[in-house]
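These are the structures in question, set out in turn.
Shared between the two complexes below is chain A, which has chain B as its partner in the first and chain C in the second.
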Partner chain A sequence: MLRTLLSVPKTARRGEIIQIRAMIAHPMETGHRMGPNGVEIPRKIINRLVCTYAGEEVFAADLHPAISANPFITFHTVAVESGILSFAWTEDDGAVHLAQAEIVVE
Partner chain B sequence: MPSPSGSPPGAPRHFTGRRTLLLAAGAAGLGAPALLAQTPPRVVVVGGGFAGATCARDLAAAGLAVTLVEPRAEYVACPFSNAVIAGLRQMEQQRFSYAALEANGLRRIAQPATGLEDGRVLLADGTTLPYDRLVLAPGIELRFDAITGYDAAAAGRMPHAWQAGPQTLLLRQQLEAMPDGGVVAIAAPANPFRCPPGPYERASLIAHYLKTHKPRSKLLILDAKDSFSKQRLFEAAWQALYPGLIEWVSLSFGGNVTEVDAAEGVLVTEFGRHRADVANVIPPQRAGAIARVAGVTDASGWCPVDPVTFESRLRPGVHVVGDAAIGGAMPKSAFTANAQARACAAAVVALLAGETPRPPKLINTCYSLLAPDYGISIAGVYSPRNGLLAEVEGAGGISPADAPPEIRAAEAAHAEGWFRVITQAVFG
Partner chain C sequence: MDACCTATRRGVIGGVVAALVLAPPRLALARPSLQEAVASFAGGAEVQEGRVTLDIAPLVENGNAVGLSVAVDSPMQPEDFVRRIGLFNERNPQADIAVFHLGPRAGRAAVSTRIRLATSQQVVAVAEMSDGSFWAQSGSVIVTLAACIESL
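Our next item is the complex of A and B:
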């Protein structure tokens, strides 16, 4: 399991625009580098992040090799109801890394 | 690129020659008004830190009419001020007066420079100083607009102590007043900033103080970077000397401080909040204010310069040395400031004599003290390449990773020796 960091407000007013931050510790290996033995290091990146809020997809991004290590993504959404924000990062090999945070909307 | 515009048109090629002529005329008892009217070229140096004082001294030694603009009566040196914070050294050992420079024929104007206008430096009292060439050595200005809630007033509660003086003592007093078991937090900025190993030397020496006097306390470094100068040496020493005491939170572990609440002692990062009993916030920096007013800073807030002459890329006839200048690969240190200032002085002398300055080879060494008897260093040699100062491959070095205690103790002594020698050379 890779280390992830989330910043989601614990509480918000209904209709408020909230800022979400998400980071995952990942080397984002491009596939264009040589290892010390002269052999190419195979590509291995996080290629997609999806965020769902109370079951509905509110944000998704495709990530590419030019994105640096430990990708840090910030976006905004509207606080509509209390619930769980779930984050899923997908790696090239299909592995999915999950994290979630709860928000209370008053 | 060195611009000829700083030399007044028609100026004689060799000002030292003019000086000899002047003396000869005086000796012959001739009024010779044409000769007497020719005074040595005037150079104004703004800022009396390691860069400015060095440059002024060298320029005066070369026979130029040098005016040093520095409002402070004494200089308080930053190198070794971390030892003052940790109670290992007295503030008096950091203070240096300008008396020796003034005794060497340097004129010092004790007021701040407020601007530039048509080859003249404007002073706070409204008077102006004409110059043939100007050297700006304004050091750094702390950016009180970079971290939400961290302004000059907040620095009274969360000292930066990144310009030695009252802030240094404030941080020391806060550490002394903190109860055992408290949390000390250091917020370290992203590159570039003054003294790249400085926050980590400070963490080491504060850890030494805590281990000695308040062993249940903790030290947290919240960093806006993922790596830092001499990192492996620092981390190995922290393991060996202060196990479990120092926690370093890097950028990608959520270490970037974006906001502070100085009254509550809270530091807010992108992913969390940390409460500290003593908070040392080292904010991002830029070139000293006069550099911006003089129009020699670029969008980065620092000053692009020609690496041979240190003449500004943005304003001909104005040179910038020390922390304010974009030194390419050279770190912002007192050692660098001194080396750049000497090269700049030589270039200014050459330019005023109509000669072509020679590309310099510059050396920097950064010593860091991790305990009173534990020193490490990193050294580099730099020369102009592609318009910047670049490191000469294979010429530098760093302390070995697995050195015996005698080597660390010897390096701690070398650091002291370096400080004695450089302060003597610049201010003595």
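Our next item is the complex of A and C:
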């Protein structure tokens, strides 16, 4: 389980554009680095982030090795209803890391 | 005289030499150039300059984490919105940085993240609109400490 950090407003007015910040602690190993004895360190990165809002996908990102370690992404969405924002980060080996935040829309 | 269309011996030799000198080294062919990466993202459509604002520092000390933000001038309504935003670089080992998938529910077409830059180079942000048009803006960055290729 990797450490994740989410910044989602707890409450919002209906129709308000809210900013969301999501980070996950991950080395994002590029596969271009040499380790001890000149052995190449295999690539291992988070290659996709998907954000769903009350079950509907509102944002997704395909990431490549050029994204820094501990990938941090900021985006926006319209607060339409109270519900859960779920975040799913997928690793190269298929492992999925999940995090959730709840928002109350008045 | 119509000099441009007359194939003189000197002209032909000059052309061959120029082609040999200007041909990129074999290694560089391993990754697509910035233009090729943008063209494949756009699927051959024309990429116009404008509507995209790429905010990146012109001089960075550490190429391991370069903050950048992209904003696209779009109303983000169901009839007119940004579908995708692609980020590409000129001289990293790979041309792709990230592709963000947006929709009318984003409300505002603005994303930011942190990227790695192997050396001083250009970074390009390309936005695909819902009407199928592509818009881009590039930025030049000078990097003092490179990322990607350092050893442990």
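As a convention for this text, the second predicted complex is superposed on the first by the 106 of 106 C-alpha atoms of A that agree within 3 Å, B and C clash if a C-alpha of one lies under 4 Å from a C-alpha of the other, contacts with A are read in each partner's own complex, and residues count from 1 in each chain.
What we mean here is this: a contact is a pair of C-beta atoms (placed from the backbone, for glycine too) under 8 Å apart; a residue touches a chain by one contact, two chains touch by 3 or more.
Owing to the predicted nature of the structure, the values given are computational and were not obtained by experimental measurement.
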item	value
Fit-or-clash call for chain B and chain C when the two complexes are aligned on chain A	fit
First (chain B), second (chain C), both or neither touched by A:T77	second
First, second, both or neither for A:R14, with chain B first and chain C second	neither
Touched chain A residues, chain B compared with chain C	C
Partner chain in contact with A:Y53 - chain B first, chain C second, else both or neither	second
Vertex chain A; arms to chain B and chain C (CA centroids, nearest 10 degrees)	70
A:A25 touches, of chain B and chain C: first, second, both or neither?	first
Which of chain B and chain C A:I67 touches, first, second, both or neither	second
First (chain B), second (chain C), both or neither touched by A:L6	first
Shortest CA-CA distance in Å separating chain B from chain C in the superposed model	7
Residues of chain A contacting chain B in one complex and chain C in the other	69, 72
Chain A-facing residues of chain B, complex	226, 251-254, 270-272
Complex contacts: residues of chain C adjacent to chain A	64-66, 69, 89, 92-94, 96-103, 105-108, 110-117, 147-152
Contact set on chain A toward chain C in their complex	17-18, 30, 32-36, 41, 53, 56, 58-69, 71-78, 80
Residues of chain A touching chain B in the complex	3, 5-7, 21, 23, 25, 69-70, 72
